[in-house]
Structure formats: structure tokens, C-alpha cells
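What follows is a pair of complexes built around chain A, which joins chain B in one and chain C in the other.
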Partner chain A sequence: MRRGDPQADGLGSPAPRRSLRERAALLYVAPAWIAMLAVFAIPLLFAAYLSLRSETLTSFLPGRFVGLQNYRGELTSPIFLDALRTTLILMAMALAIQLPAGLGLALVLHRELRGTRLFRSALLIPMLLTPVAVGLMWRFMFDADLGIIGWGLEQIGLHRIDWLGDPWPARWAIVIVDSWQAIPFVMLLCLAGLAGLPDAPFEAAIVDGASRWQVFRYVTLPMLAPVLLVVTMIRVIDSFKLFDILFILTRGGPGTATQTLGMLNYNVGFNFLATSRAAALGIVLTVLAMPVYVLWVRVTGRSR
Partner chain B sequence: MARIVLEHVSKRFGDEVEAVRDVSLEIADGEFMVLVGPSGCGKSTILRILAGLEEVTQGRVLIGERDVTNLAPKERDVAMVFQSYALYPHMTVRDNLGFGLRIRRTDRAEIAERVTSVARILGLEPLLDRRPAELSGGQRQRVAMGRAIVRRPQAFLMDEPLSNLDAKLRVQMRAELARLHGRLGTTTVYVTHDQTEAMTLGHRVAVLRDGTLQQVDAPQELYARPRNLFVAGFIGSPPMNLLRGRVRGRFLELGTHRLPLGSRAELPDQTEVVVGIRPEHLRPADASDDHALVAPVEVVEELGSEVLVFARLDVEPARTEGGAELLAGGGALVCARLPAGSRFRPGTTIRLALDPAELRFFDPASEEAIPLRAAALGR
Partner chain C sequence: MRTSRGSRSGAWFAYAVLCVATLVALFPVFWTLSTSIKDRRDTFVNPPKIVNFDPTTKNYRLLFGNPAFVRVTLNTFLVTAGATALSVSVGSLAAYALVRHRRFPGRRSLEATMVIARAVPGVVLIVPLFEIVTRLRVYDDLWALIVIYAAVNLPFAVWLMTSFFQQVPFELEESALVDGAGRLQVLRMIVLPLAAPGLAATAIFVALLCWNEFLIPALLAGERSKTLPVFISGFISARNLDWGPMAAASSLAIVPIALITVVLQRRLVAGLSAGAVKE
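Presenting the complex of A and B:
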């Protein structure tokens, strides 16, 4: 041991104290860890266990170990593939509307014109409502016979649409309601992102001769890209989870036109009471969303 | 290159704040004009008005004989260097440099050639493929300069471009800026609150206070003949000593001290004045000096090449905004700039003598300089 080496010299007494501090720290975080284990890890592990068995709620007999049979069955079933396709279609439709609309609104509200504050507060209301209430509200409005939307269409000389009874109108209805709630959220994050950007590069671009569109294309958009990426990932994850609005509006119908993976999972578990198959589907859903989570962690980790 | 003219320009923000008040200024083609003044004096606003980032409330702006008052920034053909550099963080140095040209749809080959040439001038060649985050402060500053130069604009507008650099780098970049201007000869308007930058870089310096022009002159002129108390207190470091006094016949009375006015005895008896003395014009009195300012030394600053001695004189100081404010305590803290090796200790007494020809006089009421025949003849 060299003399004067602060680390070497410090080894004598502080080390045990530090380990005491570490132990205390562990003690403090333990409740959070235990809670996380109880509500997250244990159910997940239990679901994984269930997914390897043949449990159903329609039988009193205990199930047996069936290996990956549930997974094989689900992953190859046309219903699963159809639900996956529906999930991706709804996700694409939702993103195509929500990102441009949210960003556009944020750009308008960022300019602090007269009345923007009131407008901004009003825009946040949909975000604060319970999805189930929102679903019910829109279900009335979409009603083919009595809904105000149909009435509105008639007033401008168009035909009523059976929003929730035809496949594509039903998909659009879900995307519209989801967007109505999600656009304010996208807007809020974009607005926060815009507020965090320095003014100078924009002014530099203007003095450099850039038009408004060029400033947006070459400066705003790239500088806002990290925020947009995060927003996109949040919305993708939300799309995987989309359930409540669907449940109220269509329950996956008409037929299976709006049956997403989440809806299918619910139907298998609670309508067909096939517990183990539902567990397998749940695990599949988690794995499918995993790459987005990984990307999310990387992006947020990098920006930090 | 272009001449820049501001004609009776005013700028109001809302109803209360008048950032620029009736400023008229003519900047010659190829001139390096420095706008200097304390925070909030309106210097940056004037620069932004020139760039087109702010609209004028009143007045006209001409760049290269063209009235640009109502023209958008891109139609003014000026380039701006920002205090924060304002580099595009997502672009490489190469793209940052070429952005203005790309926007103007300049030919690709020409962009490449001009970017390379500017990078060579500024020593940025090895950094062309890096992003701003990977550059040091000095390198970023050079990229910001390069971005302005590469466009070959009619004028450069620089908003405190060196203020984010450390002291050593600032001195280096200052020299580089002067060299660049010598080489390019582009009309430059340079905003700073650092008077050393103002004095060393500017062909002429415009001193601003509360949105109004105080004096526009060559640096030496500004230093030697400040037009008012504000300029006197603002230009020079340490600032000019400004003391209240009274003319008594052929003498100047400063508190209990009496100094002969010699050749400067032009003012009527009993005139109240503020007298300005540059620190370098005070020297330790010797046996031949009949009259001297006798004061206890409070602070001694050894700067290596010189010694600053601060002595407490029982004279009323003149209050100015420009930095001549004196520390708490009665009387005025007078600064003398003495040659290296001068030995004075706090607590001892110093006798300071001066040449009356170096005195500057100001009217305490109007704060304007009192012109004297002798003053007009030189220092």
C-alpha cells in the first residue's frame, strides 16, 4: 500500500461504514421492490406458468403441463394473425393522425397568439376523461339512428353511416375516439419539447435565409425528433394496450373487424374462459411490445 | 459589402419599454463598428433590427443603399453570429457551414468548395464531420463565424460572439477576428459589453445607454475625450476617477485639497464641476510637487506589469452608471495606475500628483463634458 494514496489510506475505516450505508439504502428501497415483485413479477411468472398448462375455467379438473402447445396453437391460428393485423392497422391509422395533428397544434400554440392559453387548457380536457366515459359518450354520438354525427352528416347532405356496424367505419370510429383522447397528449409533449428548444438556431436559420417551411423541415423537426420518437413509442405501447374504448364501442366487432390482440386476449380469457391460452396470449403480447420498450429505454437513457 | 445606415430608429416593446430611442448611426462600407454599453442599453436590439429579427417602431434602416426597413431577414443579405453560437445541433460542422448556401439553392460543387475554403481559413478542416456537441467552446465559436463568412454577405452582425469563451481563448479569438476582418473587409457590426473588445476591435465605437447613443468615435478619441460622464465612467478599466469639485480662481478645490489648474484655468470662479482623472495620470508626488492629493491607501492590486493603488480621498464622488461607483465608506476611492515595482501598502499614506492638462471637466447637472480650449488642443 502506497502512503498518501487516498483510496488505500481510506480502506481502514470508511469501508465498513459504507457497506452499512449500502445496507440501509437497500432497506429503504426494499418496500418498493417488494411491491413491484408482488404486482408485476409474480403475476407475470404465474402467467408464464399458466401458459404452459391446460387450465380452463370451464372444467373443475386441474389442468396438466402441455409445454408450448398453447403458444403453437395461438401463433398459428388465423384468429391470432387477424387480430395482429387489426392491431397494426389501427396503430398505423392512429399514428398517422395523432402525430401530425398533435405536432401541428403544438406548433400553433407555441406561438403564444391571443387566446392560446384558453385554447390550450380546453384542448387538454379530453386527456383528463376516463376512457370508458369517453367510449360511452362517443357510442351515443356514433349511434346509427340517433347519433348526432349521423344527424350532422345528413344536414350537409350526406348519408348516415353505420359507424359501429360496418368494419371500416368501426375501425375509423375507434381511431377517431382514440385520437380525440391522444392528440392532446401528443400536443402536450410536443409543446414541452418545443419550449425546451433554444430560440437562437431558429433565428440563425431565418437570418440564413430559410423560409418558414424550411425552418420547420431543417431545424424544428430534427431538433424535436427525440421528443417525437418518445411520443411515437408511447403511442405504440398504448396501441398494444388499447382496450377500454374498444370494449365500450365494438367489443371487437362487427365480426372480428376491430378485434385487436388485447381484445382477443380478453375474449379468450373471459368469454371462452380458456385461462392458459389467454395467459399464453398475454405473454406473446408482452414479448411483442418488448422491442419498443427496449428502444424506449435506450432513447431515454441516451438523452439523459 | 455595404454601408449601413440607421435613421432615427426607435423600438418599443409593448407600451412601457423603449429599448431603442431615436438612434441615427452611419456605418461606412468595410467599417468595424462596435456597439457597447451595459446590459439593457439596446445594443442587441439594434443588431436584431439590422438582422430583421425585430421590426422598428419608427425610423429607417438602409443596408447597401437599399431601404430594408420592411424586408424579411433573408432578403437583407446579412449574416449573424450569435452569443450562444446557435449551431444546428443535429448537423455536422460541414452541414452547419453549408446550410445558408443550401437554403439559397447554391450549386453543390460550389457549396463544397466554399465550405472547404472557409474551413481552411478557420482551421476547421479536421472537424468537418463532427457535430456541435463534439466540439469545444472555441471550436463552436469558429463554426459560428464560418457559417457567417461562407455566405459572403454584405455585412456581419455579431452579438457578443466571444462572451462564452474563457479569458485566454477570448484574447486569442479577438486577435483572430481582427485578422479576419482585415482579410475580408466586410462591414461588421459587433455588439459587446466588454470594453476591451470594443477598444481593440472597433474602427469606431458607439456607446449606448438606455437606448440612446452617447458617443460614436474612434476608440482613442472615446478614451481621451469622453463626451459625458457616462462614457467617461464606462470606457476605461479601471474607470476614470470622477470627483466633484469647484473652481477657485486658478485652483481646483477637491474637498480639502487644492490643485493648481495651470493652463486649464479657463472656467469662471466658483464653477461646480465633476473632474475626471484617468488612473494612469496620477503619479506619486515628489519633492518638486507643491500640491498633491494626500490619501490613505486602502487596496493595492499587483498586476505584474503595473500596480493599481486605491486610496480614499475625502472628496465627494460623482455618481455615474458607468461603473465609477465607489465602494461604501465616506469620500471617494481613487485609483492610480502606477508602474510595476511601486511599493505602497494599505494603511500607509500616498501623495498623488497630476498634470492639470490631463484633467477632464464635466457639468454636474447636465453630465456633459465642458469643452476647454486646452482640451481641444490635445491631451
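Presenting the complex of A and C:
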């Protein structure tokens, strides 16, 4: 729509302008602008303001200006560093499972064997289910004493695991539930990417006698790389946003084993009621994710 | 088509993978449903009762007999419907302007805001939003929830609709404009009907996101405007946790979504792939 857009030259050409008048365009975007200012820009600016003060929900006294003290306090605290580490660990675990699994399922579905459509429908179901309900149900299945997952482990000769009571099992539990909902999404985007690939390179590779693995490694994977990059970025951003499942399953516990930056931010703001410290953490979290935003804009800009 | 290229001998392996994956995908949903129709003494036993139990509607009767639950369900419907309508109408105006005007002042910053908005974690926004909402005295207000839900989902809605509007050829609008129709009329009578499938996909997505939203109502809604996800999450803190009603409430939240996902699959897939893997 950008290229070859014959703009009216203002010399009174009889054909109607393709382009909206500037004033109309501004009028059309105004409601959206106002709404986004109200829920994104103003809260972020307000958070920046709060972060420089000493507001809490526990004190009746108004806060005062404290400069960068909240930032200094948060950034040097071991709790913050621990939460940062947890965020990155969970992110790495999630990506290591979701990308191969999603791509693998997409490749299998892309073979279009009989019944593929049925399998695809079934596999997509978890994707859009209410995360709170999903988390609660998995919590029921993860139960250390009577959960069905533990029973399943016993049937194949393993021991029950205290999923939500031990640090590493708790991390795995979070990643498993997150992956259960995210793999269908990754699979869907990979399928769309695969469907958009041209046939010729595959035919050429087969004519040249390439093995299946070689076709995947040297033809499919490089051609799919842009899609995989977009998927990875979306998942990285989503792992910064991960909240509902975490809140339902562990609330950051046991101890601080699954306390990500987002969970820490919530706990500081609404359990410790330290509004200003939470606001400072929020600003830090936003800034930390900034490289991903920049990459996102670059990649989506290029693909247009 | 692709089958001819792959070896047939690998097909059994493919089916095995698909069967295992489908089992993993569906079992938790099945388990939620089956727990929701179990009596308390059958829910939490070792070995688990997978099919050998007497089904009961007790849990559902308990839920619907609870006025709080009825109110919560009504709230969730109202907020979802209101926010979706608001988001799609405000979003379609903005998307139309973005498609039909190359460079109005502020276009770039609008686009940048939309990208950043989709990446900012909700937790970051909720701390200041909580302060703002309490200072404006609109805490626990359905209208406030509708406006906030709509605004939060707006970047996504605009983004999706932009890609759908781009597929509407200008030539169709042109003849109406020659006949003297106004831009808004053209948008309403020509662009929106032509982009209807895309619009529907956008509306479904926004509606599902609103239906599932947890953080905003958890902090900005009290007893009066509580929504279903907050109600469901309340089962955790309840003493003497009873999984039956919890599973029943969860089933009521997720079964409609599972059905929508299956029935409207093609539309959702088109929407997601248009949004994420543009060309």
C-alpha cells in the first residue's frame, strides 16, 4: 500500500484521493491514541514519577522525592539478581522445549498425511484456554500425594515428585504448563511459514539426492529462519510477561525458586505494598526488554 | 501433496508422534471435565478413577446455586462484549487511517507505541494503573474495566485489522467516493463488509483475551465487578480446597474456548499468521 500510491496533487484532479485527508486521518486515530495514552503512556510516565519517590500503600504520609534511591536499592539487591537469573533460566528452558517441539510438530503436520486436519484441530486446543483455569488444573494434576502425574510416574516405575515443593521440579512445572499452551502457537506459526516456502529448492535438493536430514538442515531451516526469529522474539517477550500460570502454580515459590522479575514486581507492589519500589522495578523491567523491542521493530520493518 | 516426497515408511512414526502429542494436549482438558462431574470422594483418590466413577451434576448445581458465581459470569460476559465492541470499533477507525494515509503527523510515534505496548508486561502497568484507578475513584467499576480491557487490547486489534484492510482494493472504494459517499460511509458500507472475515477473527481474538484476562480484574475489580478468572483463582486460597466445583468453574471457562478454537480454526489461523508472519 505504500508504493505506487498516487497522491492527489491538489490541482483539483477529478478522481477521488486514495489517501485520506490529513485532518480526517488524525480524527480517525484520535480515539485509539487517547486510549493508548491512557493505559500505556500515562501509567509508564506515572511509574517513572512514582519510582523517584517513596510512596507506599502502608503509610498514610505522602511520599517524598528520593531521587534514584529506589533504583539503587533494587539493582543492587540479591533478590533482584536472583529474579533476573530465574527469568533467564525459565526463558531458556521454555525456548529449548517450545521451539524444537513446535517446529517438529509443524514438520510432521506439513507432510499432510491422512487425518492431519483432525490432529491439527486437537493440537491447537490448549493455545487459547484461560491460563488461570489451566494453571489450576495442572496444579491438581501435579499434586505431590494424589496427583495423576505422580500416579503415572509410579506406573512406569518412577517415584512421585513434589512438583511444586522443590525448586527444580517447580521450575519444570512452570515450563511444562507454559509449553503446553505455547507449543501449539509455535507450531501454527511454523506451519504458516512452511506453507509459504517455494517448492523449487526442495525439488532441486531431492533431485540432487539429498537425504531427509540434509533437506531439513540445508533447505528448510535456512528458508524458515526469518519465521523462527519472529517466533523466538514473541516467545522471549511472552516469557517476560509470564504471570497468570506462575501466580496460580507457585507464586514464585518454593522460596524464591520461581520468582521471576514480573512476579517480584507484583510481590513488591502488592504484598509488600511498596508502590515506589515496584514502580522502579517496572521501569527496570521495561528497559531490560528494550533490546527485544528494537529487534522486533527491525525485523517486522524489514518484512514489510 | 508433500507425502509423495517423504518416504511412506516414516508415516507410522509421524502418526505415533501425532498421537502422543494429541494425548498430551487433550488429557488435561479431559481431566478437568471428568473431575467436574465427580463426587468429592472420587476426585482425590489413589489410584485415580479415570472412567470408573458415578457421574454427578452436583458441582455444577453448587456453582449455579451460588449468586456470586452467576454475577461473576454475567460480569465476564458484559466486560468481554463491551471491551470487544469498543476495541474493534475504535481499532478499525485507526487501522483505516493507517492504511489510507501514508504519513500523517504522529504516525510513527503511534506505530512505535503500538509495538512497545505489546511488549510491556502487564505487571509493569498494573502498579501505576492501580494508583490511577483508585485516585480517580473508579476502582471496582465495570465501565472502567471495559475501557481498560479495550485499550490494552487495542494495539493488537489495530495491528491485525491493518493487515486485513490492506487486502481491500482501493478501486472498490473509489467508485463509491465518485458517487459522493463520505469516507466514513465507505468504511462502513464497503471496507468493513469486505474485511468481515478478518474483522471477525480480530473480534474473536480480542474477546478471548478479554475473557481470559486475570491481572487487571484481580487488582482493579472488587466484589462487585469480579470476573471468572479471578473467581477461579479464588479456589486456591479457599480453605479445605474442593476440586470438584473448581473443575466445574474451570470447565465453564475453557470448554467454550476449546469449541471456538476447533470450529473457527481456519479464521483464527488466518488471523494469527497474518499478524505474525506477514509475508
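Note that in this section the second predicted complex is superposed on the first by the 284 of 304 C-alpha atoms of A that agree within 3 Å, B and C clash if a C-alpha of one lies under 4 Å from a C-alpha of the other, contacts with A are read in each partner's own complex, and residues count from 1 in each chain.
Please note the rule applied: contacts are C-beta pairs under 8 Å (C-beta built on N, C-alpha and C of every residue); 3 or more make two chains touch, one makes a residue touch a chain.
Keep in mind that this is a model prediction, so the values were computed, not measured.
With chain A as the common reference for superposition, the partners chain B and chain C occupy compatible, non-clashing space. In the superposition on chain A, contact is made by A:A225 with chain B only, not with chain C.
When the two complexes are overlaid on their common chain A, residue A:P201 makes contact with chain B while staying clear of chain C. By the touch criterion defined above, A:T275 reaches chain C but does not reach chain B. One of chain B and chain C touches more residues of chain A, and that partner is C. Of the two partner chains placed by the overlay, neither chain B nor chain C lies in contact with A:F80. Using the contact criterion defined above for the overlaid structures, shared-chain residue A:F142 touches neither chain B nor chain C, since it reaches no partner. Closest contact between chain B and chain C, by C-alpha atoms in the overlaid model: 7 Å.
Under the contact criterion defined above, the residues of chain A that touch both chain B in one complex and chain C in the other are 206. Here chain A touches chain B in the complex through residues 198, 200-201, 203-211, 214, 218-219, 222-223, 225, going by the rule given at the top.
Considering their complex, residues 51-53, 73-74, 78-80, 82-91, 99-100, 103-104, 147, 151, 157 of chain B touch chain A.
Contacts from chain C toward chain A in the complex involve residues 1-3, 5-7, 10-11, 14-15, 17-18, 21-22, 24-26, 28-29, 31-32, 35, 44-48, 90-91, 93-94, 96-102, 104-106, 110, 112-132, 147-148, 150-152, 154-155, 158, 166, 170, 174, 177-178, 183, 208, 211-212, 214-215, 219, 228-230, 232-233, 235-236, 243, 246-247, 249-250, 253-254, 257-258, 260-262, 265, 268-269, 272-273, 276-279.
Touching chain C in their complex are the following residues of chain A: 1-2, 5, 7, 15-16, 18-20, 22, 24-26, 28-29, 31-33, 35-36, 38-44, 46-47, 50, 55, 104-105, 108-113, 119-134, 136-141, 143, 145-146, 148, 151, 180, 184-185, 188-189, 192-193, 196, 202, 206, 212, 227, 230-231, 234, 237, 240-241, 243-244, 247-248, 262-263, 265-266, 269-270, 275, 278-279, 282-283, 285-286, 289, 292-293, 296-297, 300, 303-304.
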